[in-house]
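Both complexes below contain chain A, partnered by chain B and then by chain C.
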Partner chain A sequence: MLKFVIRRVGQSVLTVFGVLTAAFFLVRLAGDPVVLLLPVEATEADIALMREALGLDEPLIVQYLTYLRNAAIGDLGMSLRQQSPALGLVLERVPATLELALTAFVLGIVMAFGIGITMRLSTSRRLRAAILWVAFIRQAVPVFWFGLLMILLFAVHLRWLPSLGRGGIEHLILPALTLATYELALYLRLFNASLGEEQKQDYVRTAYAKGQTRARVILRHMLPNALLPLITIAGLNLGVLLGGTVVTETVFSWPGVGRLIVQSVSQRDYPVVLAGVLVISLIFVVINLVVDLLYAVIDPRVRLA
Partner chain B sequence: MTAHAADPAPPLLEVRDLVVELATPRGPLRVVDGVSFTVARREVFGVVGESGSGKSITMLAVMGLLPPGMRIAAGTIRLDGQSLPDLDAERLRRLRGGRMAMIFQDPMTSLNPVLRIGTQIAEAVRLHHPDWPAARVHARVIEVLGLVGIPDPARRYRQYPNEFSGGMRQRAMIAMAIANEPDLLVADEPTTALDVTIQAQVMAVLAEARARTGAAMVLITHDLGLVAEVADRVAVMYGGRFMESAAVEDLFRVPSHPYSVGLMASLPRLDRQGEALYSIPGQPPGLADRPAGCAFHPRCGLSADRADCVARVPELRRLGAGAHAVACHFAAETPAWRDSPMVHPPAPPPAAAPAAAARGSGLAVRDLCKEFRVSRPRRWGSDRLHAVAGLSFTIARGETLGLVGESGCGKSTLGRVILGLHQATRGEITLDGEDISRRRARRHRRRMQVVFQDPYASLDPRMSVFEIIAEPLRINGVFRAERVAEMLAHVGLSPDMAERRPAEFSGGQRQRIAIARALALDPEILILDEAVSALDVSIQAQIINLLKGLQRRFGLTFLFIAHDLSVVRHISDRVAVMYLGRIVEMGSREQVFDRPAHPYTQSLLSAVPVADPAARRARIILEGDLPNPLHPPSGCAFRTRCFKARPLCAEAPPALEDRTGGGQLTACHFPEPGMPAVAAMAATRQG
Partner chain C sequence: MSKQENTQGRCPASLLPAPAVSRRSLLLAAAAASAGAALPAPARARGNAEQITVAQSSDVLTLDPSKDTSPISLNAFKNIYDQLTNIAADGSVTPQLATAWEPNADNTVWTFTIRADARFHDGRPVTAEDVAWSFNKIIGDSRSPVRTFVGAIQKAEAAGPNQVRFTLKSPFAPFHRQVSLISVIPKAAYEAMGEARFSQAPVGSGPYKVVRWIKDDRLELEANAAYWGGAPRIKRIIFRPVPAEPARAAGLLSGELDVVALLPPPMIRRLQNVRGVRVQTVASNRVLYLGFDVNRAPFNNVKLRQAIDCAIDRNAITTRLLQGLGKPEGQVVAPVTFGYDPEIKPTAFDPAKARQLLREGGYAGERVLFQFPSNRYAMGSEIAQAVAGFLREVGINVELEGMEYSAFFPLWTGRRLNAMHMFAFGPSIMDAELAMISLYEAGSRAYWQLPEIDRLVKQQRAEANPERRKAIISQIFRRSQQEAVYAVLHHEIQAYGIAEGLRWSPRPDERLVFHEADFPPGR
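Coming up: the complex of A and B.
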């Protein structure tokens, strides 16, 4: 197990390094930030001065190495637009993103779990078909449109909940539900498919042959096996949620990381973009590490591999 | 109607006129079509049949475990007089795993991978003894694990299925089934997934467990040998019906249904050789296209489509006063047909060897090694796995070398190295004196082709048969459409099947396609890697006869890799026996099969069930599993399981050399040609 953990952590460090490198060069492809930063009437001398101040006159490879060295100690430079450290700007936004993403994720997965198991335990095929149909419809509806509908219904017509910004729990409900129902639909369909797959396995027949009851065959035998694919997808998806619920954050004017990155890209505020990408990739990598470790806890076969 | 044995005691299990239907959009199909039988206490009742005959479904119906879509449409099932289909689900559930228990075929998938072995057995105990305290349940699990011969049961209790070998998992399945001392054990192909020495272990464990619990057993299998060795009475099933039912001695002495006769005549035998195999023509019918009248009539060698066979379903009727019953309108004619040359085709003349030899000296392998690097679990670094550890042999032109050994012995790796699919670590492979083991030898590929075991997995499902056979021709730039049609004709398929895809063919037909593909380039050597192992008996005989015919016709050289010793004896000129990457014995088939000198060869031969109840015998049962090939024992690799092992065996590995005169090579310090008496051997083991 220790060897497994060490190997996975090593892979994670490599991944972060790869992301840092890719992000650095991709941002440089996007164009020269100096031109955007200075007024149109700036002289050649002004531009050269600005370049020197930002370290942009160095060869690209030197800039890259400087960037790596600074990144290693957590210094990702100053924002080009606001006079504060880029990493600080991103970290300020992290709690808002975490709040929204985690709430939506937990809501989605708990509901999927409850409804999925109930669906399997029930012998009614119609119930299952009806639930899956609703889930399918929800999955087909774009997030921004569903969010707007929620605002229209609960904020505009019923006036129960605020439509914009971040504040108390009442601000959280609409964006969280918008995301959570999408997550719910995804996990429910996946969970149902993987339970259905497990139902065909030979060990299920063995359990029935022992005289086990249907409910306990499902809960004791099928459930742990059916969780494995669910954990993989949920882990990947949590990463996606944390990194960029851009659309939801925009629709509900939620001050999260996703919105910050989108704004910074359009302003060519590349230190902020790099800081954002780094933070998100770190979160992503940590989650995947946790998923793999969870896998090993549930499935003894992974531990040996 | 089933014939009753003349005993006054009521039977343990009584099944009468059982019909099981599968619901389909086009109406119900009869999977089991009016089956009746009884099983007495302590009796072993064998049900033999090929895939799709309905044998497993019959017993799943008894257990109340029919898959979705199937239901009991008619008939009665009584366990100790109690009607099972009339019980509510809850009461039937309490009988399952309690009074009747089932052992399934594949121990790899029949245990839950995420639960500990002990937990899974304890579950069975607790379900039927809810009042037992945890300590008592635990003690019972340890007890049954010990009973089925699992060493160190307290430690094994805490392990997961992936930490068990195949044989150990099947023992755990048996432990689970006997944990509540059932009256009836249903064993569905319990050893089909296991190697022959492990099969012998498991069958011995099963016999011991039955002796202790007094359970009767229904043994479902396709293996006539296993039935002959174990069963008291046997039923032969085909197309959802019993074709014949008899005491085991009677069935094998005087098979009286043309299907039973055909099955037995198409079975390669370990105790005989030489004659060509009878092959039942055609394919077993699918569920949807079972013929009217007698289900067997289109393939019957006796019927020749007589009106009665086509029109009327024959009842299972007693032949005489005894319990032997047959479902055939013309059972009276079977004895004459059974002994006719139609069933015993004469052996074909031997291949024209001199002509073939003129083409070159054949395949020679010298000191061949193949190592794999295997990363160590839970530790750093990697180990070397010696899959093939220094092999030398030759195969002359037109000859068949049979290569036998249990799973993990390296026989398939050897085939792949020869083909060039793996690069040899050391050693030399020559074809007609030319080295073909180096990478640049790709151009030699077309001279050697391969047929794999699983015709379902080895053909690309998206390609048409035409494309499958044309592909090797196109790769080598010799494509001609006529060649494809010609190949189909060679393997007995009609050229108008070329546009179909593999899914539309049965297993036997797919293997014919695989053979056509392999032969398309007119190779000199064909490597047959378990090429008939996945096929039903009647189809296996067809493919073996086809291969032998093609060999004669084209002067092919075969490397026939298989675990089935009977088939190897039937098809091979010479035989090599492998154990842990090494050849332990090699010689002509008569030498290896009739005068084996290596204890491993002797054990293998003794472990094979022979389809003749009169020849039941004590057998050498090897202890334990194959050693971990990463850390093979010192000296002779076989010594840890050998009944003859002495101190010298641990010190020096025995060389493969002629130790008895006559050209038979044996790698053993203490070779003794011939089958040892089992009693003498048991004494050796204790001494």
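Coming up: the complex of A and C.
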């Protein structure tokens, strides 16, 4: 187990390093941060002076090595646009993103569980088909559009909830529901499929043969087995949620990490982009590790070697 | 909204893309349309008329005005700080911290008299020392983009208790306009707090004080009751970054936002019918134009450039595509900008002449690349498509290349655009100098650089007499139009969504300044 963790951490360091390298060159090759920073009437001399002051006059590869050397000792540099350390800017926004992503995640999982099990326990095929259809349609609607619909209904027409910003729980409801319903749809379809798969297994027939009730077979025997794929997807999805709520953050003006990164990309503020990428890839890596460990807890057959 | 002129010689309607109503704005438009009847009027707390919420497309980057030149941040600076002078909404220069100013005979030494009753938010008086220090700090800071704004200054010094003297590197006639870009900061407070702290919780001398700034969520300002220009009547202003355009419109409908700038043309008519929301338009200082690489084929051929200039039906673009939110121009500055010559008319639409010019110029159907920023101007992509449509109609083989602005701008700056491009100018000092320094002077972004034009540029910059200066600028614009160095399209007319009852007018330069706003009683 310890060996497994150590090896995984080693792999993760390599992954993060690769991601950072790719991000560095992508951001830097796609536009000049110095020119974007200065007003239109800046002279050649202004541009050259600023380039030198920011250390961007050296060859890109030298800048990259400098960046790595500083990053290795925890210095991710200052934002080119905002007068703050890049990492600080990202970390400041992590609570907002965590709040939204975790709420949506828990909401999605809880609803998927409730509805998924109800669906299985119920004997009505029509109900099951109807639920799956709704899930299918929700999954097909883009988040941006769905978010706007929510705003129009609940903020503009009904005036129940605010449409923008972060504050109390009322600000959280619309963006969290927008994300959670998408998650819910995904989990429901997956959960339903894996429960259906388990139903065909021999042990299920054996359980029924022993005279156990339908509810007991489903909850006691099938559920733990059907959970494995769900945990994998939910784990990966949590990572996606944490790093990829940018569309939801944009629609609902939520002050999260995703929006910061997108804005920084358009300004080519590469220290902030890289700090954001680093934080998100670390979150991803940790979640993946936790998912793998959870596997072993749920299914004793999985060995961590 | 500006009255629309007749479209002379219409182009086939099929050439013009229908106003692009994206699915999402359609959704909102539908909501807004139903809003007139079905919606309650935006639930603005009228009893709480002392507070307004203003949307911007993104958050300010810093509150330290010596460190940022972005328009979004400038809007905050204009409310928190004072500048020596102010550019009024009609484009004229008015006193602010300075009550008077005087250039020497050749415009190289400028002396400003500072008002005695201005105080910083911490109670200390604004001194000539603070003013000089604010400028010198920027001049000496190679990491500050604001440095470009003070590039003309050799040194700034306090020349007495209420006098600041600027010595310039060379004559600069619009210097009294240029200083309106520089916010004065308190030397003592800045040095005591340090750069990092000041940038989050600054001390200014303007009509509003910073209460709190929660990044990417809200910037809260409260009225400075001791402001020398009188306490603002709106007691609290909240700037909110709302990046999605439809979300800004929704916020206006729901009453969460009181001011939304730059509404897209398809939204306007719908919002006009919504109770509780007023749409107000303003002729902006921003002018869109086409530029050419005149040093290389095919655009070293003046006939081809002239053909393009008269192949474009500008009226069709402004009246039909932009639905009135633009007015054709023949020079790169707008009427509100100093140096605008009303005698210079937009190039007339004449496709027959365009075809003839193409024949005379020996154009044989070579491919012409047309690059433009796709995410920058209101309906920018649609305008570029319309232009391409008109050019194809007279037989020019145009190939469109839309680019993200962050990729486009460095190419523009480096004069690395290939053939023909679209760009826009909105000089914040509302003076043609910005066009001169960027589009005509030798060593500028211009592809067209001639010694005689460069001489005129420097001559107007040194000219103290405004009328004579205008005449020189006009000479440059005329020559430019004759040779079709730029095919100027139109100046933008911009629409703002404003809460009903809020007395406030948008400015031509997109600045959001609220010192004089209020909710008049009895409405």
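The definition used in the following text is that the second predicted complex is superposed on the first by the 297 of 305 C-alpha atoms of A that agree within 3 Å, B and C clash if a C-alpha of one lies under 4 Å from a C-alpha of the other, contacts with A are read in each partner's own complex, and residues count from 1 in each chain.
Everything below uses one rule, namely that a residue touches a chain if its C-beta (ideal position, glycine included) is under 8 Å from a C-beta of that chain, and two chains touch if they have at least 3 such contacts.
Computed from a predicted model, the values in this text were never measured in an experiment.
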Partners on chain A (chain B, chain C) - clash or fit: fit
Which superposed partner A:263 touches (first chain B, second chain C, both, neither): second
Touched partner set for A:299, first chain B, second chain C, both or neither: first
Which superposed partner A:165 touches (first chain B, second chain C, both, neither): second
Superposed arrangement, angle subtended at the Cα centre of chain A by chain B and chain C, nearest 10 degrees: 150
First (chain B), second (chain C), both or neither touched by A:83: second
Per-residue touch tally on chain A - higher for chain B or for chain C: C
First, second, both or neither for A:123, with chain B first and chain C second: neither
Touching partner for A:38 - first (chain B), second (chain C), both, neither: second
Touched partner set for A:255, first chain B, second chain C, both or neither: second
Touching partner for A:92 - first (chain B), second (chain C), both, neither: second
Nearest-approach distance, in Å, of chain C Cα atoms to those of chain B in the combined model: 42
Contacts on chain A seen with chain B and repeated with chain C across the two complexes: none
Complex interface listing, chain A residues touching chain C: 30-32, 35-44, 46-47, 49-50, 52-54, 81-84, 89, 92-93, 96, 144-145, 148-149, 151-152, 155-157, 159, 162-166, 250-253, 255-256, 259-260, 263, 266-268
Touching residues on chain B, where the partner in the complex is chain A: 63, 65, 93-98, 101-102, 104, 106, 109-115, 123-124, 127-128, 160, 162-163, 173, 176, 377-380
Residue ranges of chain C touching chain A (in the complex, touch as defined): 23-24, 27-28, 31, 35, 38-40, 43, 58, 61-62, 64, 67-70, 142-143, 145, 147-149, 151, 195-196, 199, 214-218, 240-244, 246-247, 250-251, 253-257, 404-407, 409-410, 413-414, 425, 434, 437-438, 443, 445
For the chain A and chain B complex, residues of the former touching the latter: 1-4, 201-203, 205-213, 220-221, 224-225, 298-301, 304-305
